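Alright, structures below, take your time with them.
Two complexes come next, and they have one chain in common, subunit A, joined by subunit B in the first and subunit C in the second.
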Partner chain A sequence: MFFNSLSFALFLPAVFLLYWFVFNKTKSTQNLILILASYYFYSCWDWRFLFLLVFSTFLDYYTGIRIEKAKTETARKFWFWLSIAVNLGFLGIFKYYNFFAASFSELVNGFGLQTSPLLLNVILPVGISFYTFHGLSYVIDIYLKRIKAEYNFIDYSLFVSYFPLLVAGPIERATHLLPQVKVKRSFDFEKAKEGIYQIIWGLVKKVVIADTCATYANAIFDNYESMNSLSLLLGTVYFAFQIYGDFSGYSDMALGMSKLFGLDLLRNFNYPYFSRDIAEFWRRWHISLSTWFRDYLYIPLGGSSGGMAMKIRNTFVIFLVSGFWHGANWTFIAWGFINALYFLPLLLLKKNRSNMETVSLYWNWSSLKVILSMISTFALTCLAWIFFRAKSIGEAFDYIGRIFTNQSFLPQYLENERYSYEIILLIIAFILVEWNSRTQTEPISGRYSWVKVTLCIMAIIALGTYSDYKEFIYFQF
Partner chain B sequence: MKYFFLFFLRILIITLLLLVVLDLVYTKVYLKSSNRGKIDYVYNSQAQQYDVVVLGSSRANNHFVAPLFEEKGLKTFNYGMSGGHLFEASLLLKLMVERQYTIKNVILEADLNLSNEQMADGIASKFLPYIHNSKTIEKHFSSQKDFNQLFYIPFYRYVDFETRIGFREMFFNCIHKRTVHLDNLGYYPLGKNPNANMKNDLTNLKPLHNKYYEEIKQICKANNINLIVVMTPMCTNTKGLDYFEKVRQFYPEIHNYENAVEGDQYFSSCGHMNDRGARKFTAIIIKDFFNK
Partner chain C sequence: MKKFIKHMMLIFFGLIVILLFLDFSFTTVYENSEPRTKFQYLRSLKNKKVDYIFLGSSRVENSIVSKLIRDKTGKSAINLGFQASKMSDIYTVLKLIKKYNIKTDKILIQVDYIFNIEDGCSNILQYELMPFIRENEVTQEYFNRCLINKKEILYTPFYRYLHYEPKIGFREFFLNLINKKTSIVKNNGFVPLQGNSFEHNNSLPSQIISKNKYFDGIKTFAEINKMPVIFFCVPFCKHTKNLIFIKKLKQKIPELYDFSGVINNDKMFKNCSHLNQNGANDFTKYLIEKMLIDK
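After this line comes the complex of A and B, so read on.
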């Protein structure tokens, strides 16, 4: 059941009505209906993995209590490491085992020994990386005595399994979501209205921008050997907007529908393609994951408190782990490594926190510099996306090589019977809308909101891509 | 909550109004279109006179060289549509009759396409803009399982077949951007294709008593049109060629020209002859059926 499917369009209003009109008596009944809805939502993907989700929830719930109640440090550590090991164990088996087995086999074969890896025939449970990270942050926070353990299983389950964030985030923190779950929610019209606007804008990003770009990006990436330089360049730009529209569109819809239930989720994107350097990009892209790695990996590793060497090491560690989090493939690791390389000069020059304020432009030379820095950051990001999108690192290098060696910049007719340049105007229009609303969460609120809503709905109906249905990219992670 | 429901109701009303308005606008544009493809060309045309009309799939579109018929004095147009099935061929013929075309002969390519009665989404969708303006189209689609959605939900058809009749196609119609579909009197010549797959396996294909083929026969009979039904050539390396014999057992009136042109030098892919092959084949057809 996808957010942009007809079945979800029936599911969401049904849950909304039950939540506010039938189960509205106490916070427990509110939480109960959301939990039931979340489990139903998850079982629509694959009911078998519901057991995994419930087990994972119970594990962290129970170990959290045991950590808090432990009388000795040894017991505290035992329950903590048990939770970490089981959580990462599940992630390892379902997501990474085959990758490690195949890579090990390849390595051994490289030494002349013939081995065939013992691969598992398992499918990746949808959302496992997200709900595992929810649980991990909760247990770590209890272990570090930042929060108290949650004793109400329903409340805790809702924190882990809340359907808007269950399959693709944002990765919530117990400190942020649990306090909201602990109180009865009252209906807030303004918040619900904002939520509807955010859902509509999320849909625009998904079906108008991401899926349209995907049609072109796929035609270019899947046939990159026959594409000319212009098409290859456009392919990277299209993929950049595909993945942004897809993931941030999903996040917008998740945040928006959560507002309908009176719950605020963490913001996940903040106009990342207007970043002036890579450090700023990572403060604006997939924020809930970046801050998760910052708080639970970078800082425990020593963060920036040590010398420059430690900073560099820790930066590389979090980028490589972040890449690996996305998927068990060397391409994601390469993507993480490239981003770490981009980060390196900023670290060395101590400029990684230089662009903290919202970007503004005026009619002067310094604004030209800002524009150039935004364009160059976007170009670097696109270059890294090639590794993210390619099937192998070799293919990514080949793709990049062809951009420079082909030297043809003529419009090209793609396999899907479209010209490669056809959606440039759509992307420019999208950039302009995003630019004008960069201080807001979505562009619809404010003056003329009804005009803007009408235009957005019109874009969804008329410009959306529907016949060639595309899943949300981040569901696979 | 009351305010929220009113707010939501307004959004629903806006959405519904947009669906209706966009449906009207798109349909209006398609009603003025006549140079994008064979369907809009026929739909928006007046009565015409033809000695020969060619119908069928790409194996008609790429195989019958309409200009060769013209050279022999036969006014011809190739209405074969790549990817089309007999569902679309039948409907196109109905529209021609409805527009009082005078047709002496219909050459129908009926071979591989006899094996299914499904509509070909990519081609059939091109009729859908006119579904509210033509009883013939409405009736033809009425047996389709999603007819109610296509007919009654405004704009549904433009969303469902967005790659074929969606915004992009509507926009090109608006600016009167031409396609090549109507060039060469509808015939689309294929060249050499070095990467073509010169193999085909027809062993799993089974001819049906095809409803739409029967319809075409009836239309021709009712309108005194001479119907010539032919099976067209396949490349050398084709398995299951007895399929053509099975077709003959079902429909003895269908002429088997499967082996009329032999040799892969005449083919662009296994099921499609190149221009050289098509010319050779067309010459045989003209000689056999028109004695010219």
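After this line comes the complex of A and C, so read on.
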């Protein structure tokens, strides 16, 4: 059940009505209906993985209490490492085992020994990377005595399994979401209205921008060997907007629908393509993951407190791990590595925190420099996206090579019976809308909101891509 | 909460109005633009005369060079072959020809292995007819038979344009709006195939069904309405297995013109069932000689 499906369009209002009209007596009943709805939502993919979700929830709930109640440091450590090991063990088996087995086999074969890897025939449970990270942050925070353990199982379950964030984030923190689920929510019209606008804007991003770009990006990437330089360049731009529209659209919908239930989720995107350098990009892209790695990996590794060598090592570690988090493929690791390389000059020159404020433009020369820095950051990001999208690292290099060697910039007719340049105007329009609303969470609120809602609904209906149904990219992670 | 429900109802009402408005706009543009699809082309010929009309599947669409017929005979011809057409689709197009009062000297209808198929409809014809779903009883009858989700398509405004978005969505609407021409009209319905890349694994059915209700329907409809129909079979490559099927078909339909074996050169085929452009030129010349020139 995808957020942009008809079944979800029936599911959400049903849960909303039950939540506010039937189960609104106490905080417990509110949480109970959300838990039931979340488990139903998750079981719509594959009910068998519901057991995994419940087990993972129970494990972290129980180990959290045991860590807090432990009388000795050894016991604390035992429960902590048990939770870490089981959580990462599940992730390892379902997501990474086959990758490691195949890579090991390839390595051994490289030495002349003939082996065939023992691969597992398992499906990746949807959202496992997200809910595992919810649980991990909770247990780590208890271990580090940042928070108290949660004793109410329903409340804790809701923190892990809350359906808007269950399958593709944002990756919530116990410090942020748990206090909200501990109190009864009252209906707030302004918040709910804002939520509806955010859902509508998320849908625009998903079905108008991401899915339309996907149609073109797929036709180009899947046939890149026969594409000319212009098409290959456009392919990277289309993929950049596909993945942005897809993931940030999902996040907007998640945040929006959560507001309908009176709960605020962490912001996940903050107009990343208006970043002036890569450090700023990573402060604006998939914020909940970046901050998770910062707080639970970068800082424990020493963060920026050590010498430059340690900073560089830690930077590479978090980018490589972040890449690997996305999927068990060398392409994702390469994508992380490239971003670490981009980050390195900023780190060495101590300029990684130089663009902290929202970008502004004026009629002067310094604004031209800002525009150029945004364009160059976007170009670097697009270059890295090629590795993210390609099936292998070799294919990514081949794709890049052809951009430079083909040198034909004529419009090209694609396999899907469309010209490669056809959606440039759509993307420019989207950039202009985003630019004008870069200080807000979405562009609909404010003056003339009715006009903007009407235009967005018209765009969703008339310009959306529907028939070639595309699921959200980040569901696979 | 009351305020919110009122707000949502307004959004919902706005959504309905937008759906109705877009449905009306798209349909109006499709109805009034220059023809871009074969069905629009057929519709534009209302009350006109076309000397020869060819009906069938992609095997006709890719094989009959209408312009060559005009050049060689001086008579007009239109190729109304629709990809993946079955006898039922051909029957519908025949009824539409009658409905639109298109006069003609000959209607040449392809019959081959599609004689064996009674189920299913051409999705290409469906796409092209979709904006005209309420046009007349022929299109309505067609969709009654072909659509599983007919009620949603018929009664939910704009749903058909969402459901068939790649073919009749915004992109196609926009191209219709600016009257951007396609080669369909320029080539009078002929769609050439290029190259020669087939494998020798084409096979016709080993058995022939006793009767096809749509074929019978075509014959009866043509007789009642005095429509000059001729049945013919477009070439297959010589490697096609079970070519005897056409002989069996000929026994069943004695008036069938069997051209299944008239092109022997493999280079004339795109694949075993479809001629390429050179093959189409050769076959059309042959057809003109055999059937379209009064001797």
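FYI, the second predicted complex is superposed on the first by the 477 of 477 C-alpha atoms of A that agree within 3 Å, B and C clash if a C-alpha of one lies under 4 Å from a C-alpha of the other, contacts with A are read in each partner's own complex, and residues count from 1 in each chain.
Just so it is clear, a residue touches a chain if its C-beta (ideal position, glycine included) is under 8 Å from a C-beta of that chain, and two chains touch if they have at least 3 such contacts.
Bear in mind the structure is a predicted one, so any value in this text is a computation, not a measurement.
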item: Fit or clash between subunit C and subunit B when superposed on subunit A; value: clash
item: Which superposed partner A:L372 touches (first subunit B, second subunit C, both, neither); value: neither
item: Contacts of A:I457 with subunit B and subunit C, given as first, second, both or neither; value: both
item: First (subunit B), second (subunit C), both or neither touched by A:F187; value: both
item: Partner chain(s) touched by A:Y466 [first = subunit B, second = subunit C, both, neither]; value: both
item: First (subunit B), second (subunit C), both or neither touched by A:L107; value: neither
item: Subunit B versus subunit C as contact partner of A:L10, first or second or both or neither; value: neither
item: Doubly contacted subunit A residues - partners subunit C and subunit B; value: 20, 187, 189, 192-193, 196, 418, 422, 453-454, 457-458, 461-468
item: Contact footprint of subunit A on subunit B as seen in their complex; value: 1, 3-4, 7-8, 10-11, 14-15, 18-19, 22, 155, 158-164, 166-168
item: Subunit A to subunit B touching residues, read off their complex; value: 20, 187, 189, 192-193, 196, 418, 422, 450, 453-454, 457-458, 461-468
item: Subunit A - residues contacting subunit C, complex; value: 20, 187, 189, 192-193, 196, 416, 418, 422, 453-454, 457-458, 461-468
item: Subunit A partner contacts - residues on subunit C that touch it in the complex; value: 1, 3-4, 7-8, 11, 14-15, 18-19, 22, 158, 162-166, 169-171, 173
